[in-house]
């Protein structure tokens, strides 16, 4: 049984590639989908498609409508959502995606370091599973196939 | 027509009292419901009810289950959600509540200062309305009754 | 049994007041809710609350988010939707509201003149009832109480 | 990941063929589905199948039930909806389809010329993305695969 | 706790009045709602409101749209549905209403005589409760308040 | 695009085989699923699997639970439902299946002879399309692929 | 804000009266609804209403359809569900009710003694809150009103 | 038409292998999915992935979150659920899974010995079909393909 997994979270390092690589090594029948991970492209996509906007607010709003479109399409096609929080950045999009997934009854794994236990406590409690590392998230996925 | 409004967001100042006061002055038939706004009580509620937990992780998890219970009850009874972001704090709970409300098709107003336009752009784009001040949020509510 | 009725459609004449008056004369226990019927206020509400926008596109987008908020709140509280089409104007909002109501399984009455049979045929077919006059729509509502 | 895209909107020029051609050139794994684009067939389908109806109202009602059947089947199978508005025609069906798609939480792109910003402002605000040209709509679809 | 009960089924005798009378004698806090029980009015309501139709098919279709409107409004407001089958008549509307109620997760009681056990076996099996008399149906309602 | 079509209705003649044959001749990519069409097997399936029941009521209830199981599985997998009414038999199961399909938002075609217009008027009005012959139903399905 | 609370669980002692009494002493605006707590009546209700059944299986099936009817009506009217497990009895109905409530997104409190931690671990993990005593469950309800 | 079947119930004997073997012999196009059937692994999975927990309560909670994740993923992918109760064990998970499946409108077969008729009567009544042996459950599945 192939499963599609949406990988929400920060786009500032290569944690997704790392996870895909390890899933591949374990021969797990998982298809991963992701938001745009090129940060500049993600910020510019509104103006890239729609042209120059009058100010930063509307530049951001144009970009976000297209990023939200991508996320909505891919999350609706997914069977599982993994949302990773790191030590840096505001990461409100990660909280937004995780909460949307949970509210849609998508099985959801939150990955967060020990240092974030307190600020993420309500979201962790609502998630299906909370772990501390990407490897642990993959172990949870692999457990489905045991 | 009376409406029930859930007020999500930080609990470090009296913005909710301010909003209720102004709604009352305008004679708007609004009932406001809120999370626990006593920050210490919110953090301790798990141990207050269930007793001492073995460490901070479980202390937080116990508290969060009861806070989530309160939020779930009150948000399901609400017709409208207002989610306020301030300049400080991580505020992942605010993002979580706003995203849950939007996903449940609750009409949702986000209040955020100009400085947060960029990090909140995807959430703002998904919300029904985004404004910058509590007074503007109240103007939006009042507009229903014009 | 009191019912709440949302009155969608053009805001260029007093058909809503006419309908409310007749319902009152028949002592029907109906509560009517409506969009903003002051056309200028409806167009300006974005700038009235959020301040001057950079151009007409964003002026319209700001207004529409607040008009959509009002419609979403009131339509969710409604038991029945009446959508009136007249001979003039584009009336895409009327089609939008009627289609949203039908998709949400709200019992929906479309009022349209004979001249619009052809262009509205698919929407009429999806609506619960289609009539030609406001008086006929009121007759349909009154029939619930016979 | 193959996606199915429903193309709502006017059937008076070849914009759909144009879009399919360009999607094919970009090797995007998209399957397009559409309403009946032969306008005469669309108007006559009721009598073509059910035989002569007593007048234009019932001729239209018979045709519309079969057109609505086709749209309901294909839209339910679709992952994305694109709704195009042109400068001419009433296009209430386009507004109806776009509003139904948005209410069903289908990710929806509206294509409309600058001249229609004002009359379509509420529908645009509810759509996931609004663009001005078919090429831009295709760019939004292509962005999913970057 | 007041409950609203929709009474589906044939309209050829006074079983509804009988049931209401007995519920009243037991002081049960039940509000009963019903289809149009005047058979002629039910058949003529289309032409009564919309005027003369071109033939019997369209006369029936006009009437049924208004009867369906009434049923949809009242069933959505109901907490419980009782559907009574008698020995005579086709009663497809009763089967339609019972099946719609069950599919909407409305708690549903079917009342049918012993002679109809076989033809109603699948519908009875899907209903929440099946009884043979109106008095038994009332006993089931009364049981909620014990 | 392959579609799955559930064929509800009486099981006393070979209308399903007739329909499948014609669909095959037209090379339509349709997969048909059906209730048990062996009438004796359908009535005996409860005792065939569960053993002798104490009386006819329980024999029927046992059979109906297994017939309902089959219908629920297959209807949930279907994209379209066709429900055929003939001149004979009570056919409450056909009304039950059609109403369940409509309530689940399955696009639904009712096939009924002219003689049944009046008793089926409310169900016909709720269905997506109503036709008089199996050939017409197939024409409606074929129209999706034009 | 008044809330309705469904009290699922064993019916062999007076824990419900105890809870109601304490809620009353705290002046909490709670309305409690319950299953039939007279155990004999609960087992006999099928035969009490429908008459003698042919064996124990059908006696139980008749009773359970009426008990399920009561539970479905009252749970759908409830805002919160409390499910209490004691040290004795199989209590599959309690697990059934708690799981149904959780799946319907009702905020759910499980009360279970420490000795049942292990066998109830998956259900506890899915519930919104798990506590060990009825007093703690009431504290959780009271927390909503702080 | 291939169907996916979730096999809920006790994990203390090889009933699942027995069922799969017989389904294979009958060439039924069924794909079976299951919970973790290695009992020790199921109890230890929390600590296996997340490391040592402070006490048995949290060891169990960690394990259950991962078991619930697996069940949620696989049950959402399933077309049918079979839930088997044996003579031993508390089996609250089996009741929880069956009730969740029924509430999600999954067609559900309960397998239980005659000795459990009374304590399982309400759950059996809500299930689509109840049988006494695994062979009978397979007969019900096979009936879909006749």
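We call the chains A, B, C, D, E, F, G and H, going by the order they appear; numbering starts again at 1 in every chain.
As a working rule, a residue touches a chain if its C-beta (ideal position, glycine included) is under 8 Å from a C-beta of that chain, and two chains touch if they have at least 3 such contacts.
Just so we're on the same page, UniProt names per chain: A, B, C, D, E, F, G, H = YtoQ family protein.
Quick caveat, the model's predicted, so the values are computed rather than measured.
Asker: For copies subunit G and subunit H, work out whether under half or over half of the interface numbers are shared, and give different or same accordingly.
Answerer: Interface between subunit G and subunit H is built from largely the same residues.
Asker: Out of F-H, G-H or A-C, find the interface that copies D-F, where copy means more than half of the contact pairs are identical.
Answerer: Checked against D-F: the matching pair is F-H.
Asker: Which chain pair is joined by more contacting C-beta pairs, F-H or F-G?
Answerer: F-H
Asker: With chain centres defined as C-alpha means, what is the inter-centre distance between subunit E and subunit G in Å?
Answerer: Each chain's C-alpha centroid was found; their separation is 31 Å.
Asker: Go ahead and note the Å separation of the Cα centroids belonging to subunit D and subunit E.
Answerer: Centres of subunit D and subunit E (C-alpha means) sit 39 Å apart.
Asker: Using mean CA coordinates as chain centres, what's the subunit E-subunit H distance in Å?
Answerer: Centres of subunit E and subunit H (C-alpha means) sit 38 Å apart.
Asker: Send over the residues of subunit G in touch with two or more other chains.
Answerer: As it turns out, subunit G has residues touching two or more other chains at 65, 68.
Asker: Throw together a list of every chain pair that touches.
Answerer: Result for touching pairs of chains: A-B, A-C, A-D, A-H, B-C, B-G, B-H, C-D, C-E, D-E, D-F, E-F, E-G, F-G, F-H, G-H.
Asker: Can you check the complex and tell me which residues of subunit A touch subunit C?
Answerer: It comes out as residues 54-55, 58.
Asker: Any idea which subunit E residues touch subunit G in the complex?
Answerer: 1, 3, 79-80, 105, 107, 109, 128-132, 136, 139-140, 143-144, 146
Asker: Quick check on the complex: what are the subunit D residues that touch subunit C?
Answerer: 56-57, 60-61, 63-65, 67-68, 71, 90-93, 95-100, 102-104, 117-126
Asker: What does subunit C use to touch subunit B in their complex?
Answerer: So the residues of subunit C touching subunit B come out as 4, 31, 33, 36, 38, 41, 45, 48-50, 65-66, 68-70, 72-74, 76-77.
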